[in-house]
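Here is the structure we will look at.
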Amino acid sequence: MRIGVLTSGGDCPGLNAVIRSVVHRAVVDHEDEVIGFHDGWRGLLECDYRKLDLDAVSGILAQGGTILGSSRVQPAHLVDGVERARGHVAELGLDAIIPIGGEGTLKAANLLSEAGLPIVGVPKTIDNDIASTDVTFGFDTAVGVATEALDRLKTTAESHQRVLIVEVMGRHTGWIALHSGMAAGAHAIVVPERPFDIDELTARVGARFEAGKRFAIVVAAEGAKPRAGSMEFDEGGKDVYGHERFAGIARQLSTELEKRLGKEARPVILGHVQRGGTPTAYDRVLATRFGWHAVEAAHRGEFGMLTALRGTEIVMVPLAEAVQTLKTVPADRYAEAETVL
Amino acid sequence: MRIGVLTSGGDCPGLNAVIRSVVHRAVVDHEDEVIGFHDGWRGLLECDYRKLDLDAVSGILAQGGTILGSSRVQPAHLVDGVERARGHVAELGLDAIIPIGGEGTLKAANLLSEAGLPIVGVPKTIDNDIASTDVTFGFDTAVGVATEALDRLKTTAESHQRVLIVEVMGRHTGWIALHSGMAAGAHAIVVPERPFDIDELTARVGARFEAGKRFAIVVAAEGAKPRAGSMEFDEGGKDVYGHERFAGIARQLSTELEKRLGKEARPVILGHVQRGGTPTAYDRVLATRFGWHAVEAAHRGEFGMLTALRGTEIVMVPLAEAVQTLKTVPADRYAEAETVL
Amino acid sequence: MRIGVLTSGGDCPGLNAVIRSVVHRAVVDHEDEVIGFHDGWRGLLECDYRKLDLDAVSGILAQGGTILGSSRVQPAHLVDGVERARGHVAELGLDAIIPIGGEGTLKAANLLSEAGLPIVGVPKTIDNDIASTDVTFGFDTAVGVATEALDRLKTTAESHQRVLIVEVMGRHTGWIALHSGMAAGAHAIVVPERPFDIDELTARVGARFEAGKRFAIVVAAEGAKPRAGSMEFDEGGKDVYGHERFAGIARQLSTELEKRLGKEARPVILGHVQRGGTPTAYDRVLATRFGWHAVEAAHRGEFGMLTALRGTEIVMVPLAEAVQTLKTVPADRYAEAETVL
Amino acid sequence: MRIGVLTSGGDCPGLNAVIRSVVHRAVVDHEDEVIGFHDGWRGLLECDYRKLDLDAVSGILAQGGTILGSSRVQPAHLVDGVERARGHVAELGLDAIIPIGGEGTLKAANLLSEAGLPIVGVPKTIDNDIASTDVTFGFDTAVGVATEALDRLKTTAESHQRVLIVEVMGRHTGWIALHSGMAAGAHAIVVPERPFDIDELTARVGARFEAGKRFAIVVAAEGAKPRAGSMEFDEGGKDVYGHERFAGIARQLSTELEKRLGKEARPVILGHVQRGGTPTAYDRVLATRFGWHAVEAAHRGEFGMLTALRGTEIVMVPLAEAVQTLKTVPADRYAEAETVL
């Protein structure tokens, strides 16, 4: 069998582990040939690739990033994107294509699959918002990085007697905020799924100070927003000098909470550090299993499918189903986290 | 409601997170009273306890160990163990007891539950061998510690051109060996569930050297054993000086592989470092959820049950069921790990 | 002997290690009494303190923050600050005061020392800018945190083909930028000691892309500034909505480099995470030694002095001398770091 | 200029950082050519090498191990070792050789230097026992790994109410034991420099239990030994089955302390994990500076010298001097550590 693999979209710890696993399983156990396309779909569209043998994937398991490069190019960006992909697949004699990517990548994968190409997708997102799988690799690493930062920030917040508002990744869903906030014992967590009421949030944080505590940690997913009318909210943009104003939830909350509570409040934006570097053991195992099972699915001819974790099992689910809805934080998970004071 | 909590058995990262979560949920949300028994069942049997309020659990979320202490005392050790426990529960007016522990603890919990005491168990083991839950807290931390050690050992094995045999915890099951071995890209993994054939293992490791590699890492669960007749195996004991001989799978494998391969081989025994210290974010979230749901079960009157993770949900399963079988590494999980060379 | 200890100024990993060491050495070896003032100089000025025995410092060695609290209150803030301090020292029968703090704290310590109080200072700053000591504790931890972040950011920068400008602490000196930049292999480092020329910086970063590299990492100390006239530079302040504009070197450099290079550039501001949490082993050892030697100095009657590391030795240097100049990054250290491309 | 570099002896975090720094400084700033010999002196003796350009050292700064390989081969092992080395240096037109290694390597370097070869040595040992430098790279990483293990072991020792005897590296000197023991707050530290009296050690550990503590941590350098006559001590060897008996200080102390104290005691041997893997930021900076200054020394024609850290400066010291004595733990450093109880 001849298999093409590619990584598309933003950085995510575990990408190399998937690539390595695909190559190991295919080459060692099935005597397949594997090629890797450069820079995601761009490589497929421009027929830019290299052969991947065992040496090519030696030592990459624990490395962040992707040895194949990535880009945000999508087949749908080109008028003849699907045709070009089909042509190169035929030309290269590929029996399967394994794209590893997030929502956008999987939509593109579904498009190509519906056009008849032999696709087995592997879901990838640090945000953990893909509905058909319990977890995606990269998420555990992101939560781990955010939690370690929160652990450190707690002592500083306490020493300085401050409120710290810590912005973590999550434009559409609050999974990283929820898990890192729970893991670090944050005193309030705000997520996109549930617009916050600034009065309630102030009361919650204020209650800590009334109870004699000297600091508070608020974790805010970057996409968290106030309930309409609850608070003046600045969507960002350019300032009068033409500079990006870099508004953001942490900065606005810190201004607002400082004003309302009469306590020093400071924003901390964790940023890109959450999405790069060495994956945790958890993510390496999950990524390795996804790669292994993607190859198996290809050999069984199960195309148009996506690897997914359900409990402790890796199962295959239809791509079409996987891209329909975002997995958001349900109310009961949020309730679990809200107990902490 | 009045709730008693206790931690029993060996150390496990996340114990304090469960205790804290029980107290937070019970005291803050339900206005319960919580007491903590000292040193596991001993505290219940001797009525040795202290009150747990929010201050008592402040700052313990990320701490290893258990603020309540632990011991290996079991009610069944005393002729009147069950009666003493019943008496103290009545005396203290407890509406629920939440024991946090491993297999032995849960058997004791089941015994007391069958004797009519209001028990909600929380499973705890770094070994991940409790059948009724997808995962137990402590396991992720143990795997993380072992993986980090394996990452470091790889460079040394390579520089020194050696075979390293790394012994990880797991007397009865190979979960830590399997996951840390997969996460670190070990070249062979031996587990108790599947006695190894020394000829096959030698061939597997030898194939790496024939392929031009200069080192190999073998991960061995402490309970791994050779297939009967495959290799002389020393079960340990005292030497002629009366010293413990500290035999063990890693030492014996290193002697044997060095002899058979003609390559330097060295044992590394990771030991207790896998079961202590700060829990990972994953374990803190799981432990926190277990504590939260144990309190909920108590309030719903669901006794004789155990908290368990199934997929992404916390569910309650009967204690009686949970202690019947050990969760062992299934053949297909082992096959996934065997691909690596 | 009766000793008072206090921690003043911003958070710094190792503060608790000093406190613990002072108590251990004084109480165990000299049978002294130790009291700890709350919230730095405020505690001394308001006679707010508690007794510190072995139990009080048990388990704090590896903890970030300070069990005594801190504040930015200085004796010189009060008209009668020195007199109040003198009065409380007499009232409490103190034979020595050990203030642990940065530049401001040490100036206050010198003031009180010149007023005749028995002071032994312990220098504390993550910035490493105190001239009389080779290193201060907290610095190694800050550099470690920044380096780990840079390691992670490299893979993301590479995957996304971006320039990342990473802002680290250092308002007046570039030590953290220098060391973390060297440790992580940053491609350019800008520090306050040496205003950068934006044309040169652009050329340096651009050269990487011309050489076929796909990303670059610039580390910027927060106090780094362009050479006068080299680039329009915005000192921050409020925007037209009254929000803090949160200008800063990383944001401005990212705007400027993106414009000049035609490559995506993004700012990352590491912030407070550098100054909190568990100290590294290096910082714990240094902090422990400082505490130990401060007690010895007190017993020898060497007041008006500061503990300092010189090579591998702890020596005492006059407070008056220590506060005169800031230790800045010398040209030759900067040259060592500039080699990397 | 044409420079040859090699790494010799055991693994040590920071080796790759030196190699990279040599190449960067030499190639970028001096337009030198650099070659790397394979497997230490073996590469020089057998003229086995490769060219090292910027690409060859890309991405290795944070990697453990050595891209050049290592071995324990020494020129003195061959009758014509010095002559072969001289011949290959001439043949390859080398103007300088930079061997990176420990005591044995530096003795070999001195031998070749005295034979007229242009040598600039770089000291390497995790043991920190080279007298002419304040610190060697690798030591900080080893101490960090050991400290992290000790942090974890403390909670387990406490939960299990045990004495743990933790064996760390250090056959001839106790630097790792001293620093990790201080950093983790060990209750006793035994080092080769000061044979321990088993009665005193027992009393020290026993005092903790009498004071109501429930556990103790003893850190033992692997070369630590009892004072003559203080305790029966087994030097190891083979048992009656011909197996290595794997005696060792931790195992013997655990047997002895358990017997004397009547408390459970367990050995933990950290082993190779201390000498591999990613270097700390501290070690990366030191290694980078050593490489940089080795190239400078070569360009100044300062041969027969060794890079060394003195305070904050890198200086050059004669090789002949550097190999004369081992840097042992002085009594006053040991006294600092002994305060803890």
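When the chains are written out, they are named A, B, C and D in that same order, and each has its own residue count from 1.
Here, contacts are C-beta pairs under 8 Å (C-beta built on N, C-alpha and C of every residue); 3 or more make two chains touch, one makes a residue touch a chain.
For each chain, UniProt lists the protein as follows: A, B, C, D = ATP-dependent 6-phosphofructokinase.
On a predicted model such as this, the values are computed, not experimentally measured, just so you know.
Common neighbours of chain A and chain B under the contact rule above are absent.
Chain centres were defined as the mean of their Cα atoms; on that basis the chain farthest from chain A turns out to be D.
Centre-to-centre separation between chain A and chain C, using Cα means, comes to 34 Å.
With centres set at the average Cα position, the gap from chain A to chain D is 40 Å. Spacing of chain C relative to chain D, judged by their CA centroids, is 29 angstrom. Residues of chain A in contact with at least two other chains: 148, 151. Here the chains touching each other pair up as A-B, A-C, B-D, C-D.
Of all residues in chain D, those touching chain C in their complex are 20-21, 24-25, 28-29, 54, 61-62, 134-135, 140, 143-144, 146-148, 151, 179-180, 182-185, 280-282, 284-285, 288-289, 292, 310-312, 336, 339-341. Listed in rising order, the residues of chain A touching chain C in the complex are 10-11, 15, 63-66, 69-71, 145, 148-149, 151-161, 164, 214, 234, 239-241, 243-247, 251-252, 255, 266, 268-273, 275-278.
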